[in-house]
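Same chain, two partners: subunit A is paired with subunit B first, then with subunit C.
Entry: the complex of A and B
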């Protein structure tokens, strides 16, 4: 007879399997939106037009540096798609109540974070290779370490997914999503190296530069810039990796803590197997 | 028996008054949202980009282009409300039963949208312009032209957002409206680069941008505040935006018939 832990693990895998089943059913739409339209548009506009009009012809590295930051927006948009259905579920069918009858609330959330991370990673993974194909020599990848880049993208997906689940616990209703995007995501994005790297912020406003070190999105863009462009201007790869892991753990722990009101109380009312 | 003009106008005013009460309640929240966007964009384009190598002469045109970004985000918030209303609350269905021709009802919606757009965006744009005033040359500014293109653009945006919120169903709107419609409109336009610069860089890209309605809105803003020399002529832009209201009005009409079953 299987032990309790094995049973839980099998339930966990079953939930993950179900989420991936739905993911593959909607894969065409997601792949068109996030895997095709975004890279095409961003490569065409930000890397091809904008960067060439803003900078001199010989500033290929600056153009590449500016373009790389777009990955943070793509990660945010992609992960949103896989995480926020939980918030709509809280207000609607509450399918999650059924799920916590089969597995502890923390494991349910952990499963959702794992799924959102893998699904987001799958959608953002082809972004840079696809852009390289489109842009050819207008996108400088001569110093790129692709393996390290993919590690950064994976950890970025994990961090953003965990961040979103924390946001869901705090927001509690869908009517505040627009405020959340404008008051949290947008400033974090703009100060997180979306367009300009961290060393520029440090140069203009050192205090702000130091404050932005608390911004998790910064490590996605800095990590991506370091692994694509290289050099000593950006935060190093180990620093970005460590920061992304720490932020992911922090957000996951805080999600567990804040979710207890939403899920655990229900769970303790005799609904757990 | 049909209503007289004054009856219709009275009901129209009552609907707008009700919307005004709601707008007053959320005005500060919207201004704070807009303020965050404005500060972020001004900071990025006026302080950070020049350090990366962007010419300073582009600061003012790009700031004015980014006014569109704020309008776009705000318009989406308004459209979002209508989409949810059509799906869940169905308050709009109650309004459809009022003894009022449908065009009056939707004119009231557009009026309320324009008032909200205006109240939220004007203080922000003035504040933004004051922040970057050192980089703006006001020698060729025509306030009257700017006021005209600005108000016409607000009506255009109101019609556009009302149209898309009624035309597309909830699921499509939620999943696809940004990646497939709003984002391409925003990115593939001269918001981040003046049109003439883009045309000089590649004539085919310049011509491609002319398909996008936002080109005329943004270039109209620029030419009325910074002069016609470097941008598409203000009068031409104003005329095109007025003409663009025809398809957007048709979009509203189609949306109403598709989703609301008017009788």
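Entry: the complex of A and C
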């Protein structure tokens, strides 16, 4: 007879399989929206048009640096799509109550983080290669380390997914999503290297630059810039990787902690065998 | 018995009063949100982007374009709430029982959007303009014309967002409205650059951008706040926005009939 741990692991895999089954059912829509429309539009407007209008013709590297920051927005938007249905579920059908009858609440959340990470990564993975195909020599990838870039994108997906689940456990209410976007995501995005790299913030406002080191999104953009452009201007690849892993672990642990209000209390009330 | 105009006005003003009361309770939150947006944009466009080597002439127009996204954000929030209501709560069914034609009901929604947009975003624009000061490169500001452009822009956006909520299912709205509608409108809408800059780079692109009403919102605001001849004239923007508002008013009317009038 299979041990309890094996059973739990099999349930975990079954939930993951279920989520991927739904993911592939919606794959065409997601692939068109996130894999085609967004890269096409961002590449055309931010890397092609905007960079020509904003910078002098010889500033190819600055154009590339500015464009790379778009990945943080794409990661945020893609991950939101796979994580926030849980918040709507808390308020609606509470399908999650059924799930925690089969697996402990922490493992259910862990499964959701794993799924959201993999699904987000699958959607953002083609972004830069696709942009390179479209932009050719207007997107400087002469120093790009593609393997390291994909590692940053994977860890970025993990960090953002864990961050969203933490937000869901704290928000508890869909009516606060707008405030969450404007008061948390927008500042973290704009001060996290979306338009300007970290060294510019350090140059203009050193205190703000140091404060933004506590911003997890910064390590996604800095890591992506370092692996695409290279040089010594950006935070190094190991620093970005370490920071993203630490933030992901921190967010996951905090999610487990805050989760008790939503799921574990339910568990202790005897509703779960 | 048919309701008189006075009766309808009474119901309309009662609905408006109720929404104003709700707005009053949410005002602090909403103003805080818009000030956060404006403050961040002022920091970015006033200090960080110029340090990156961006042309100084683009700072003012780009800032004003992006500030218009406050309206966009507000419109999307209303649109998302309406779409969610149509799918789940159906509060609109209760409102449909009032002896008020549906056009009047949506006119109330629209009036509330315009009031909300003015109350929330105009102070934010004024604060942002003060914060950036000379960096905006203001030549001559025409405030009366600005308020006219802004008023028509809010009416247009109100109609657009109500149409998006009424004309699509909640599932479609949730999955596709940003990538397939709202993002293209923003990106092809001269938010991040001026129309003349785009036209001088690629004339064909300039003609495409003229088809987008967002172009006229951004250019109209730039033209009235910054002034000069580098933007599309505000009077042209007003005329085109009125035209687009009529089109979306018609589309909204059709969508409402299809969605709510089951008879």
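The rule is simple: the second predicted complex is superposed on the first by the 270 of 273 C-alpha atoms of A that agree within 3 Å, B and C clash if a C-alpha of one lies under 4 Å from a C-alpha of the other, contacts with A are read in each partner's own complex, and residues count from 1 in each chain.
The rule we apply is simple: a residue touches a chain if its C-beta (ideal position, glycine included) is under 8 Å from a C-beta of that chain, and two chains touch if they have at least 3 such contacts.
Nothing here was measured: the structure is a model prediction, and the numbers come from that model.
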Overlay on subunit A: subunit C relative to subunit B, clash or fit: clash
Touched partner set for A:203, first subunit B, second subunit C, both or neither: both
A:220 touches, of subunit B and subunit C: first, second, both or neither? neither
First (subunit B), second (subunit C), both or neither touched by A:195: both
Which of subunit B and subunit C A:183 touches, first, second, both or neither: both
Subunit B versus subunit C as contact partner of A:71, first or second or both or neither: neither
Residues of subunit A contacting subunit B in one complex and subunit C in the other: 29, 33-34, 37-38, 41, 44-46, 49-50, 52-56, 59, 62, 65-66, 77, 81, 178-179, 182-183, 186-187, 190-191, 195-196, 200-201, 203-205
Subunit A contact footprint on subunit C (complex, rising order): 29, 32-33, 36-37, 40-41, 44, 47-49, 51-55, 58, 73, 77, 88, 175-176, 178-180, 183-184, 187-188, 192-193, 197-198, 201-202, 205
Subunit A residues touching subunit C - in the complex, by the definition given at the top: 26, 29, 32-34, 37-38, 41, 44-46, 49-50, 52-56, 59, 62, 65-66, 77, 81, 92, 178-179, 182-183, 186-187, 190-191, 195-197, 200-201, 203-205
Interface residues, subunit B side, partner subunit A - complex: 29, 32-33, 36-37, 40-41, 43-44, 47-49, 51-55, 58, 73, 76-77, 80, 175-176, 178-180, 183-184, 187-188, 192-193, 197-198, 201-202, 205
Residue numbers on subunit A that touch subunit B, as the complex places them: 29, 33-34, 37-38, 41-42, 44-46, 49-50, 52-56, 59, 62, 65-66, 77, 81, 178-179, 182-183, 186-187, 190-191, 194-196, 200-201, 203-205
